[in-house]
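Shared chain: subunit A. Partners: subunit B in the first complex, subunit C in the second.
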Partner chain A sequence: MAVALPLVLLVLLLSGRVGGGHAEPPRDSLREELVITPLPSGDVAATFQFRTRWDSELQREEGTDHDFLRYAVLPREVVCTENLTPWKKLLPCSSKAGLSMLLKADRLFHTSYHSQAVHIRPVCGNARCTSISWELRQTLSVVFDAFVTGQGKKDWSLFRMFSRTLTEPCPLASESRVYVDITGYNQDNETLEVNPRPTTTYQDVILGARKTYAVYDLLDTAVINNSRNLNVQLKWKSPPENEAPPVPFLYAQRYVSGYGLQSGELNTLLYNTHPYRAFPVLLLDTVPWYLRLYVHTLTITSKGKDNKPSYVHYQPAQDRLQPHLLEMLIQLPANSATKVSIQFERALLKWTEYTPDPNHGFYVSPSVISALVPSTVAAKPVDWEESPLFKSLYPVSDSSSYFVRLYTEPLLVSLPTPDFSMPYNAICLTCTVVAVCYGSFYNLLTRTFHIEEPSTGGLAKRLANLIRRARGVPPL
Partner chain B sequence: MAAPGAAATDLEVVRGKRAALFFAAVAIVLGLPLWWKTTETYRAPLPYSEISGLNALQLRLMVPVTVVFTRESVPLDDQEKLPFTVVHEREIPLKYKMKIKCRFQKAYRRALDHEEEALSLGSMQEAEAMLAEPQEQSEGSLTVYVIPEHSSLLPQDMTSYIGPERMAVVRGIMHREAFSIVGRRVIQVAQAMSLTEDVLAAALADHLPEDKWSSDKRRPLKSSLGYEITFSLLNPDPKSHDVHWDIEGAVRRYVQPFLSALSAAGNFSVDSQILYYAVLGVNPRFDPASSSYYLAMHSLPHVINPVESRLGSSAASLYPVLNFLLYVPELAHSPLYIQDKDGAPVATNAFHSPRWGGIMVYNVDPKAYNASKLPVRVEVDMVRVMEVFLAQLRLLFGIAQPQLPLKCLFSGPKPEGLTTWELDRLLWARSVENLATATTTLTSLAQLLGKISNIVIKDDVASEVYRAVAAVQKAAEELASGHLASAFAASQEAVTSSERAFFDPSLLHLLYFPDDQKFAIYIPLFLPMAVPILLSLVKIFLETRKSWKKPEKID
Partner chain C sequence: MRGGARAFGTGNACGRAASRRAGAGPGVRRAGAAQSRSRPSAMGLLSDPCARRHRPGHEPRGSALASDAPGAQTPGRRPSDTPPPPPVQRWRPRAAVSEPPKSAVSSVASPCSVLSYVAGIAWFLALAFPPLTQRTYMSENAMGSTMVEEQFAGGERARGFARDFAAHHRKAGALPVAWLERTMRSVGLEVYTQSFSRKLPFPDETRERYMVSGTNVYGILRAPRAASTESLVLTVPCGPDSTNSQAVGLLLALAAHFRGQIYWAKDIIFLVTEQDLLGTEAWLEAYHDTNVTGMQSSPLQGRAGAIQAAVALELSSDVVTSLDVAVEGLNGQLPNLDLLNLFQTFCQKGGLLCTLQGKLQPQDWTSVDGPLQGLQTLLLMALQQASGRPHGAHGLFLRYRVEALTIRGINSFRQYKYDLVAVGKALEGMFRKLNHLLERLHQSFFLYLLPALSRFVSIGLYMPAAGFLLLVLGLKALELWMQLHEAGAGPQEAGGASGPSPPLPPAQSVGLASLVAPLLISQATGLALYILPVLGQHVATQHFPVAEAEAVVLTLLAIYAAGLALPHSTHRVVSAQAPDRGWMALKLVALIYLALQLACIALTNFSLGFLLAATMVPAAALAHPCGPRPLYAALLVLTSPAATLLGCLFLWRELQEAPLSLAEGWQLFLAALAQGVLDHYTYGALLFPLLALGLYPCWLLFWNVLFWK
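Moving on, here comes the complex of A and B:
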């Protein structure tokens, strides 16, 4: 299941109150963690999170000026080490110590999935939110196909994944931890064995599901000192049954339909698999100007019935200046699929506006779906500052739901493409036609015409004369 | 039967000839100009002759000097002649296409009452304070006060004094040729305070032919509209050293006053960063004698490159970046010293790289290791660091130590580290450099446009060129009339406009339009049209020649 998903590098500037507040954080505090989730298929997901915070002299202002909100998206970018190197430079320990030692480009880019992000945002500096700190959060998620690369074995270790082990914590980090997801395997040690034995475990409700993690704290000197390095290993004792992976409560799909090069339709499918709860989602779509949207064709249907959005914001595109912006608040009924479709017409571009490979098509950015998904498991109210980083990017004060932001797949739309050699062909053809007309006209006007005596007899007479000459008889 | 037939044929032949000639005429008179006009690239007219005239421009740098004579400074009958003006002009010998002339315009006058009073005070500081108050001096001008020969304002062995503002004091003399002696002293002082060959040679270093001493002259940064200054603290060993520096306070206290004094020369932005695990590219050598490590002078050039990839500030700015690095060596390599050519440790433990910035090595006090366990908290002594960085900053901006004439007393710089006349001198140098840069840019642009006829010259590019030429001329005029501030502004405008014209992307639009493709397009039309016309013209020509020759033969 190699899903080569594009890198979505987003710089989110959220001016919002984050966190319930805590004692003043130290200057330049760094927290880093690595979450490893073994999947029954043999794949392993690894997510790095680095968070740096520093004080600023920025004053918190009430309200947000919407004129200064910006949203930009690059629908597709081919990722390579050029994306990783500047990203690593932002880390205080660079890649010399701590978890960032594992960031080795040749391993990270040979994975089935790669996602890299930078979030920078102001957060409350203290409990009363009188001062603002800046938070720089860098995340990197990769999925290793351990089953294929390990020749059928599903066992893995840090060394097998990253070709490195952890030898020392970053001296600047106030927290440096490795979490291994052992949900469902921890009660009986029959199916899964984690080496070395974790010092502690951590239990919490993550994205609506109860999870258990084995925790290795790099700042705890005992973790590394025993063998001078930490190489977390995982062995499947008895391979787990092939069970269907759990379906998330909210997921989405997007595709283009229609045929021909004139019109088409953008479709977004939103699935709510929650058994009994309906919840609203915010759908944000930006469509390039060269797809001319027909807003009157916007239809939203769920369970065969028309679903009227409670809020629609539409900003039409301006040619070559700004894209369409469509934002809707849609209520998703429980256990349903909702289809949002809108028709468009393809515009013709100027011939210098085409990309070097115009027949490849043009990318359309993904839709963004934000929702507060109700959870079936009640979570304890927690202190967001204390909880692990992977939990607290978008803290929610209500413990019965969790925040999810999904990006659908980017679309590839082909536009009517002209034959780029056509101007030359047209010039040549016209020139030839003009030259031919001109030639005959010129001949007609400049030649002198004689009236020739009609030659009598023609071919028969000439033939007869030839014969007569051969016979020595005077010609006719 | 034959005669009327032949006549009709002759008529036809003449008509055919006329038609062919008419075709040729239409093609040449109408077709060619139409084709020429419609396929022409748009080229706005440029002032080529004025641009080539800029190369032969004569720069006359005028320094207005006011010479004020107090009572009893020169003999009485000489005083009677005041006020009058003397001009002292001389050429500055540089191997540069522009002729640069330096012109000191000395306006001699008698001291006013309050000036007399100020100069009769006991000490120089009081006199300066009193003289500075009433009038604001314009940029580039100087005032020299001539005091009596036996005045106690100066120590007895000194004949002149240079102050931090645009003011100097020269001792007068009771002599028959008092004016010429005093005049020479005034020129000496004025040269020290304004234009010298060194300053201009450094400013024009890029435009002068290579010299063996020119690398030293290339130390100052190139003139630009703004500069970015980055202070970086490199801590390669955060496990042993917990380094703290109060960079905000230090910048506020030491750097900002200096930069605000310099603000006439450009915009400045200052930022700072701390980089961990950033190491120098060279392994220091161990010196067993002093049990310390050292970096030899020949290895210093290799230090910068590996560090620079981590600095990463030049990407964010259009302006040139000056880097100042404070390097705290790792525990395994401390203490670390920089050695000069002779192997002696450098007193400041710092070095600078021309047009790049400076690096200072800051050793942690070895006593700190005994007291506590690692990491050791290190508080950087910012006074020590900023002394070095400010000295390097002055060097990198081309503010050299003043060369004083003999027996001259120098007051030392103002608290912000820069005298007013040093700033003026910088502005002179920058104006000349800007003019040279703008002239070079305009000349090469004109040359390029002349050489490649495919380049489109749009109206806005042409107007930028016109503006640049006008600004160069204006700057030269203002320099000649001694208005330094407006000359500098005009020279900056000249550079900006000329660069904007030179780097305008519209110049590149039709550059790639090779001739073979043009022929490929024209041949299908031109060949079938031109061949019959040419053939019939040749035929007509031959026939006429024949008919001309025939009558000769008959004769």
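Moving on, here comes the complex of A and C:
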């Protein structure tokens, strides 16, 4: 599912989540890593992660005030180089050295998926958490398309992907690594070959599956110095068949149904493909006020039966102030599709409230689905500081499940739109002119002037006098 | 509405001019005098309710008009012509000024109606001529220039796909779903299937199907880095035989070409539907998660946001001589004119020969030949639009506000032929342009008529034609209203109701009871016409040796004809009073009912409204229980909705230069009846219920008027 998320800038102010029990993390440290995951379709996913930490004078407050948790979404943002340039400037080495050398805009924007994020949060500065460090984490995920970028070839190298190779690590980095997912490829069936041969491998449980990664450490002088640059290559020895990609345990879709400009229905489909485990998901919907939700029409059906949510929180919208907020805890039966639907009516906006290009439609932000998905493979408890950065993308609460947060696609809903065309503009203009003329004339005609000016007055006064004479009122 | 207002204004002017003439002409004056049975000024009443109490020296407008005409009746001369009846004596001052306007209006109504009808028809026929047709132009900014270099070169590939598809289709005897899925996946699309089934209300004999089931296959090309909020559709409807295989081949080759490009901002859905339009309808309903027609289908697994535009493709040969474009959709809906402009732009750019309604485009618009040819195209389009049937798979998209058109490849005996690359390039260009769209297509016209690809008639220019025709009904209704008032007011004043009294509404004075029965009976007949044929088909097949489809059509005709016998014998039971005023009131109600219906239809589907108005209005205006009844009856039957349909069929084939013999015409008529009913049940076409529940009962009212005793 190439559901490209819009740029969701998530500023999460949470304290004390990570870093429990660690003494004195290095100050002003930079860790960077690149994870390359070849997909069976021939596409390849690349995820950059940069983590910068610095100390601050800020004192940690006790506890987190959950009233100040804020969530905001801009449902549409077309990503372009203007998003990338300032993002790159936040990196200590900018794009001069290290992994960030690969961040070349013309390649990154020829991908089929692009996701860019900035997270900033305070973390504990020491074991007792008396001082606070700030952590800035930047992630960039792209998926290169074998059809478009690879011209149909399924073999990849860093040069083919980014038109650059790695020549040196960032001198400020305390860790700089490239991970290549080689799970299941390099064991018995020799389907995928990685060049150069990795010196070490790393094994972990990611999203409930055991994964093996080839690791290239840029700080290890042997990796780069042998050939003056590192160009990791992936070669499919026996190309995989064109088959449907493996389905994740939890995925979701969203769409608007109905036709016409009066009413419609928002539908969210939640799929649980786990063969025998049911699990709950938390569904969060924010819907703009101009779609008036009818909450009594909220229906949740799984396998043709009504599915009662164990928890519903609904905060109604206020016109022009606040969107609808709908939060539900839904139990998804094993191997099922659950449909959550709610009907709405389209409101009429004031004419100044229409955005430019009103006939394009209005966006409705994605649903957010959070779930603890049962895992088939037991995960070890994690030491966050020691494990690779990308591990934090897949948080695990205990050994039997892993945490997933999904964003569905945003929706485009057309609202009844007035005809913002020439006649409409002409009417507006005429009304304005009439109003202005009427106002000034009314003012002139009703005001009494006391000071006699020596001059005879302008055209307006003469006109006003004419009218006053006609009315039988003494002239000005 | 501009057209309606203009027509009304013209009618007034016409009325005034005619009233002057009326004063002058002796024949007309006589008629006026005969009717001037001592009543307050009808026109004065209409225009000014206080006319009865008007001050001396302030005459109602109508009287002023009439009196300035030369030879207008003066109070001094009038008694010698027609002795005034006693009641008028009491009303002398008012009667003196009120008489001329009444005569004017009543006498003017008939010539004015004729004039208005002729003007309406003439206006329609003039639509194809240059002052009324305008050149089309691209309104949408995002599709302005055609500076796109089309790079599609997959002609060989398309032919290969088409051959494979045809072979697999023949082998499977149905849509080769597995092969399509495999091929679509191999060109890099996200592939889904949808199965559907539908039991038709009765067997479709032209297509030989009853229990329909099939599978649609569609592949989605995901636009890179976009969030799947908008999409475009390229669809190929496939029938039971592999006639459309070249279109499938071209679709697959285009998909392969499009997949390699990076400029897409909208997802593109490549849809191959089985069972022609039924498959398209099933897919559209499932995509929008609605159920309009009772189709059973599996839910869709993959979606791609709001569909912005769709193109349906029909090709049945490797080479084409011309491309025909169809725009008319379900219930006469039309796509935005910009979509057609876009097609025409790429026709010109690629040097393709493009046709509309199968007619070549006239080049010379300055002489008479070009517009005459345009008129044929215009008439064909009007007939097609009036039928309310989708003229291709695109027609079903329009309900969901997806702008769509169908492109048909025609292979005739012309020497110069284009291969699939030329067609593919035109499609590529269109899709790239649609991909640029920021907003839905909305800038250009949604309501238009087309005499040629590069010419159009906008709604403001064609509405007067319908307006003139409806004015006839209005004038007739006005005349009747006045006559009714005349008949109603006379005895009352004679009874000594001293002083002015407000005119009674006609229905009240006549008594509603006499109107209720015919109205109810005709509506009930309409309801029976709508419900019984499909409901009673099994009963009919048990008792008569006919098939279901025949049973439906024959029941339809039987009820239609039975309606003629039913209602006109009923009013005698109910109405006891004033037979003359009974039919007048009934006709007045029927006229207003007809005018309202036709006006509403003309607003939404101009062609249908105009065609019905052009046929029904004269007979409706003439229906009259006295006079040459058989003649009127024949006229009324000839202009009934069913006869109109038959006539339209002949006209349609005549315009297509494939004239029908009478027997063929009858066969086609029966098939069209069955198709009309089927279209209503399968796609939700509204023509059948409109005729059965709206116009047929209304027409029966006129029949009732004609045989009023």
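The rule is short, and it goes like this: the second predicted complex is superposed on the first by the 373 of 476 C-alpha atoms of A that agree within 3 Å, B and C clash if a C-alpha of one lies under 4 Å from a C-alpha of the other, contacts with A are read in each partner's own complex, and residues count from 1 in each chain.
One rule holds for everything that comes next: a contact is a pair of C-beta atoms (placed from the backbone, for glycine too) under 8 Å apart; a residue touches a chain by one contact, two chains touch by 3 or more.
From a predicted model like this one, the values you see are computed outputs, not experimental measurements.
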**Message:** On the A-aligned overlay, A:258 touches which partner chain: subunit B = first, subunit C = second, or both, or neither?
**Reply:** second
**Asked** Does subunit B (first) or subunit C (second) touch A:473, or do both, or does neither?
**Response** neither
**Request:** Please work out whether A:464 is in contact with subunit B alone, subunit C alone, both, or neither, and reply first, second, both or neither.
**Result:** neither
**Prompt:** Should A:442 be classified as contacting the first partner (subunit B), the second (subunit C), both, or neither?
**Reply:** first
**Message:** On the A-aligned overlay, A:94 touches which partner chain: subunit B = first, subunit C = second, or both, or neither?
**Reply:** first
**subunit B versus subunit C as contact partner of A:411, first or second or both or neither** = second
**Request:** Answer with first, second, both or neither: which of subunit B and subunit C does A:377 touch in the superposed model?
**Result:** neither
**Request:** Answer with first, second, both or neither: which of subunit B and subunit C does A:267 touch in the superposed model?
**Result:** second
**Prompt:** Quick one: subunit B or subunit C, who's touching more of subunit A?
**Reply:** C
**Fill in**
The answer for subunit C against subunit A in the complex is residues 182, 185-186, 188, 222, 224-230, 259-262, 288-290, 303, 305-306, 399-401, 438-440, 442-443
**Prompt:** If you look only at subunit A, which of its residues touch subunit C in the complex?
**Reply:** 2-6, 76, 79, 109-114, 145, 147-148, 151, 242, 253, 255-260, 265, 267, 357-361, 363, 409-414, 417, 421
**Asked** Any idea which subunit A residues touch subunit B in the complex?
**Response** 28, 86, 89, 92-94, 96-97, 168, 171-172, 424, 427-428, 431-432, 434-436, 438-439, 442-443, 445-451
**Message:** With touch defined as at the start, can you tell me which subunit B residues reach subunit A in the complex?
**Reply:** 5, 9, 12-13, 15-17, 19-20, 23, 238-239, 274, 276-278, 310, 312, 375, 520-521, 524-525, 527-529, 532-533, 536
